[in-house]
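Shared between the two complexes below is subunit A, which has subunit B as its partner in the first and subunit C in the second.
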Partner chain A sequence: MERLAFYFDSRNCSGCKTCQVACKDKNDLAIGTLWRRVYEVSGGDWEQKGNAWLPHIYAYNISLSCNHCEEPICMKNCPSSAIKKREDGIVTIDQSICLGCKYCSWVCPYGAPQFNEEKGVMGKCDLCIDYVDQGKNPSCVDACPTRSLDFGEYSELVEKYGEKEHIYPLPNPEITRPSLVINPHKDADMDKKMNPEVVNMEEVKHA
Partner chain B sequence: MERRKFIKVGALGYGGIIAGKSLLAKLMTSAQIKKLASTFSGDERMVRVGCPSHNCGGRCLLKVYVKEGVITRIETDDRPGDDISDPQLRACIRGRGYRPRQNHADRLKYPMKRVGKRGEGNFERISWDEATDLMAKNINRIKEKYGNEALYIPYGTGGYNQTCGKWPADRLLNLYGGALGYYNSYSWACINLATPTVYGTRVTGNQRQDWLNCKYILMWGWNPAELRDGTNTEYFLRKARENGAKLVCIDPRMTMSAVSLADEWIPIRPGTDMAMMSAMVYVLITEDLLDKHFIAKYCIGFDETQMPEGFEKEESYKEYILGIRDHHPKTPEWAEEITGIPKETITRIAREYANTKPAMLYQGYGMQRRAYGEQVVRGGCVLAAITANVGISGGWASGIALQADDGGPFWNVFPTLKNPVKAKIPCFLWSEAVIRGKGMGAEDGVTGVDRLSTDIKMIWAVASNAIINQHGNINRSIEIIKDESKVEFFVVQDNFLTATAQFADLLLPACTQFETWGMEDGWKYGDELILQPQILETPWETKSDYAICAAIAEKLGIEEEYTQGRDEKQWIEHLIGVYKSSRFPDIPTLAEMEESNVGVYSLPVTEPKVAFVDFRKDPEKYPLQTESGKIEIFSKQLFEKNNPAEIPAVPKYIQEWESPFGAETEKFPLQVIGPHYMPRVHSTHDNNNWLSEAFPQRIFINEIDAKTRKVKDGDLVKVYNDRGAVILPCRITRRIMPGVISIPQGAWWKPDKDGNDLGGSINTLTSERWTPMAFGNAQHTIMAEAIKFKA
Partner chain C sequence: MHNGEWSLISFTLLSQLSVGLVLALGFMYFMHQSFFTGFATGLSLRSPELIILIMIVFATLLSFFHLGSPQHSYNSLNNLQGSWISREILALSMFGFGMLLFLISRSMDWPISLSRFFMIFSMISGILLILAMSGIYMIKTVPSWNTFFTPLSFIGSTFLLGSVGMVIFMMLSGNMSLNQKFLSQILIFMLIVMAVLIMAGGFHQYHLSQLKFTGIEQTIFNKGAFFFLFIIRMVLLFATMIGLSYLLKVNTQIDMHIANIQTWFILISLLILIEEIMGRYLFYISYFRVGV
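And then the complex of A and B:
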């Protein structure tokens, strides 16, 4: 069976975080837990020329959840085998087995698994597995006011939107082979850009 | 914003619109409807309901799941066929994140009256019987002693659907002799009054589907991605861009819209937009890029050959631009010094706008909430006119741009009735009417009477935080409100103990919009009506705004007249009938809408309407409603105000009363702007922790200004001027022009013991001074200094 995946269009994402809050609402997440979150990236510098200002700067957003990787490094490193991958690629955490050791959160390069203080176990995006089983889209996808998120089989998304690209600040996709197809923002060309950085760290930090 | 009474009821033409004949204009199959109507089994039910109206620019649809009387989940519009003619009304973060507000522990639960001095914030619980007695007694006492003109229901939009918020209170007082009225709004005072000085109407906007026909879009101070200036506006712009339009964003901030919608961002110093517009016109004149034929046929006052009779010797617009009389040609070099935009950029944008047809110059409202906000409105309209972008598909006339051809959504069908009091004040001058109302006249914008007969003596703020938090100069407003000899009775009716409510003599606890019946149509754009069924019990001792007013009506002995025997739901049924007889002839009944659980009735737009089509076709046969019948670049009406320095007859750049160019910069070198912020609708949702987690309230400062002040990201920063001080953590950002800081408006004022505002309300710093022509708020015109705060 073909693996399921997210598509994210960075070109049109305004960074409104409706996806983040739709996820929070669907999954009843506590403050400090963000199974989907939006990174604001910017870089460049201002130049003063006489009394005028030239903005050699750029900014874009990355909305990110668990990428349900083809090679889930979290699963490999889970000492209690609580992390499982379904035939359709959905990676889940069985909270009845999870020890809450946080190994998965240390190894995941995307910050997807997050500790649930109340239950003492890990949690993360499960692609709204209940919705998927009902034939519906994950909550975040249908939430997006700019229609910048999509969901489907990985190969279909690649066919529809093109191959994914390496986009800052995401790690090299070869590490875990994420099920994520991204259309980069016009200003996200890594070769040409100066000093990109995530500038909203306080908004994306999580437990 | 102004709520307009709809005038053309019964005379609506729907030519060009394919009106939906079925319940679902999207032509869903019956199976699809059935699927939509199905609710979850067991004890959880799902209801489609309009997102509570708080005067953001959106009107969206929610799917709300309720279990055991509590909302468990909120989703959004899922109608099939999400296409451009009738896109899904997808809610943003403010709707999807509604649960913390709805379930908040701090909800006002019982009527309360003040204990101790006004503003100390101490209250005791009372019964509704005592509360409504207090209301009736005070209304009667003040009415007898000072007259109805002493009663005032201020501007406020915390509850803003068809039947909640201030409308029921207006109806009540209008049935009881009336109250002092107001005009204008805190949103668009200048644009509302200045647009008709050019065009004779406010209906200057094409339907948004027409944006797909546009080739060049100047988003001037316009940030719909964050505001939601109409649900789906950002989506229509995305589609226009995919269709080949170039989008350029001119704004002091690299806004969410600049990042997600624009091909280019041009930072501009706040309050200098008219300098850039004037220089663009200079380029058009000197490079012969104007549409001379259009100007000759459709405009007056552009040059000396077309001045109105009797005004031939006055300064024409062209003379102003070329500096014939003032010896200051409005060149791009001149504008570069003022705007901070390189002259080459100004020239290029002028050429692009003139040469790419059709083009759209959309004016945001922030730049007209400034010192001479009237000018930029007229300036934008004139640019659209002299490039002949008026009256054509893909073009845009600028101005306030209500939707063609009928002005768009109804906005107000609940009968608030005629106010027997004729006197009106500009809403931003309420504090003036408190401290010196008696005798105020036309020089203060008073209309309907020569002079006010009394000061305001009772304020009943319904769903309004605009007395303390949202009005200019909080520390001044507090001194005025605290004086119990001025406003003798101050009532606040709301969901929470807001900054305004802390000063109340009487607190009336209103329920939320999920806890009663309501209905909303589009905000500025759209052709839909969204139902708001009651989905939760009315909790504790809260009541709907309508039920509160009905209870007061009973004490005043006018209950029958007031209610007409209707409860909230029966009013909705009645009002759907009003729509049926006017704007939506095919709308289903309330019972049918409830049964289907579709939540929304919408009309797809396949042939979007274009404003001024008839005028463009034949200006003789279809003249504008201006005095000349033409587009008035020179305004006789404004000339006759006899204040050329502040209200010129042609649109001009005027240096603001606080600006980076005056002596004030020695003490206060930074411009401060208070934009709309994604997590709030004005001050609503400030206490919502899901939303403040996503977007905390911060002082946004450019890295260059931060560096000279030795401020690091996250440091506590104090921003202050002579009116007050705000202390907040800062966010260092590249996305704002150097010399400008941003403190998003709407955060709740929370003073420390020294009076510093730790909540971060921009109005701690703003001024109560109003604009010269519209008497509008100029709250974005402020200067301040920022320093690293050390406790």
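And then the complex of A and C:
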């Protein structure tokens, strides 16, 4: 069975948010709804070297949408079975039967399903399913000026880029087995735990 | 907390009250048949099954306010295999249907064996409803809810609200079966349930304060408004326990008439209602998910 996935290179991403805008434009999303979000993470601390205290600070970005998980927790819990998974692994929401109970947004650890106030139903990234069916890339992938985003079959992406550890603020991938391959920023090593923090919360939640 | 969740709070509390009332009613129906005969039947507003049925319908209507597309609600049973919400709605439907049949069987003088069957059916459906309701919140990505305290507090609330509702109902409907001995038994039961709720509340608060945040929003549970509300709820619970203990003491006096403590009991019941609303509100605002 196919498993279409995203690749994201945190080392290359400049945080320009073109992917976010391309997604918003393609899907005609309302203010406050972002099916792809760019999280700006920063952190750091002082390190003592001999008699000197040196600053060790860092910043990186994470561009994130629905990860079309192998075990989508949203689909499992949807009471109306409006959330479905295609043969190629794309997880979609059938808005004609969605109740708008928002339970999928409670359970998804990636914050992917979002409520559409106008329609009263949930919506999320569908990997630009119409483009995919025409053999094209999702709009965010083609819009990225630094080529930090890629798209394709999961196993091929892993072969091409390697399977890397998921970094802050992503949850443990074992929960839903997301179809996402990440090349982490050099300072995003979870072992360091240098007080990472998402610093653009207002923007990602309300833009 | 979103505005829609007030409808969920109301739905949860009303459902728990209805199930608690049915369990209390069933207990009386099977264990103290003589008590039960004091109740009216049929479409009288003094008939407990009619009141419960009205509450179930009202609770169901309230739950619709949470939905973005209530016109699609007929799809809510589509995922009984995986969704606790689907299971909850099925249990709620069975519960309401059971109560409706119990009401009809008693008012139409159907054979008593049928009434008994409908009562047992309603009681089992009610228990399943509370379990399904708990299952909805046992989400593995929401560590603040995914604990043993969620079903424990839901079951505790069901017993507490059911006991309060039953006594008030007996008082207001003038059921002469509400004697001193029976009232004392209920008061002791309520005190035990409240002690369990206090312990569960305390342990849950400790659990929340120990949570390791792996999400992006750093919710603080051990200070600020959340902790203040938690303390107020605990104070209310203790005050209610003191009030109930006082009533228990008064109730054991010789020649005590139930009418003398009616007002006090209703006031204490109001405290319980406020405490339960606060408890449910605290529960909803303690939502904290891992990830982004």
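As a convention for this text, the second predicted complex is superposed on the first by the 193 of 207 C-alpha atoms of A that agree within 3 Å, B and C clash if a C-alpha of one lies under 4 Å from a C-alpha of the other, contacts with A are read in each partner's own complex, and residues count from 1 in each chain.
Methods note: a residue touches a chain if its C-beta (ideal position, glycine included) is under 8 Å from a C-beta of that chain, and two chains touch if they have at least 3 such contacts.
A quick note: this is a predicted structure, and the numbers were derived from the prediction, not measured.
By the touch criterion defined above, A:167 reaches neither subunit B nor subunit C. Of the two partner chains placed by the overlay, only subunit C lies in contact with A:79; subunit B stays clear of it.
Within the superposed three-chain model, A:202 lies in touch with subunit B and out of touch with subunit C [touch as defined at top]. Of the two partner chains placed by the overlay, only subunit B lies in contact with A:53; subunit C stays clear of it.
Residue contacts after overlaying the shared chain place A:115 against subunit C, while subunit B stays out of touching range. Applying the stated contact rule after C-alpha superposition, one finds that A:157 touches neither subunit B nor subunit C. With both structures placed on the common chain, the touch criterion links A:102 to subunit C but leaves subunit B unconnected.
Subunit A residues in contact with subunit B (one complex) as well as with subunit C (other complex) do not exist. The part of subunit B that touches subunit A in the complex is made up of residues 73-76, 78, 82, 90-93, 96-97, 99, 225-226, 228, 232, 234-235, 238, 254, 256-257, 259-261, 263, 265, 267, 336-337, 340-343, 678, 689-691, 693-696, 702-704, 714, 731-735, 737-738.
Across the complex, subunit C is touched by residues 37, 39, 64, 73, 76-82, 96-103, 106-111, 115-117, 119-122, 169-172, 175, 198, 201, 204 of subunit A.
Of all the residues in subunit A, the ones that touch subunit B in their complex are 11-18, 20-22, 24-26, 31-32, 42-46, 48-55, 57, 59-61, 139, 142-147, 185-186, 199-200, 202-203.
Note for the complex: subunit C touches subunit A at residues 4, 66-70, 72-73, 75-79, 82-86, 89, 136, 139-142, 214-217, 287, 289-292.
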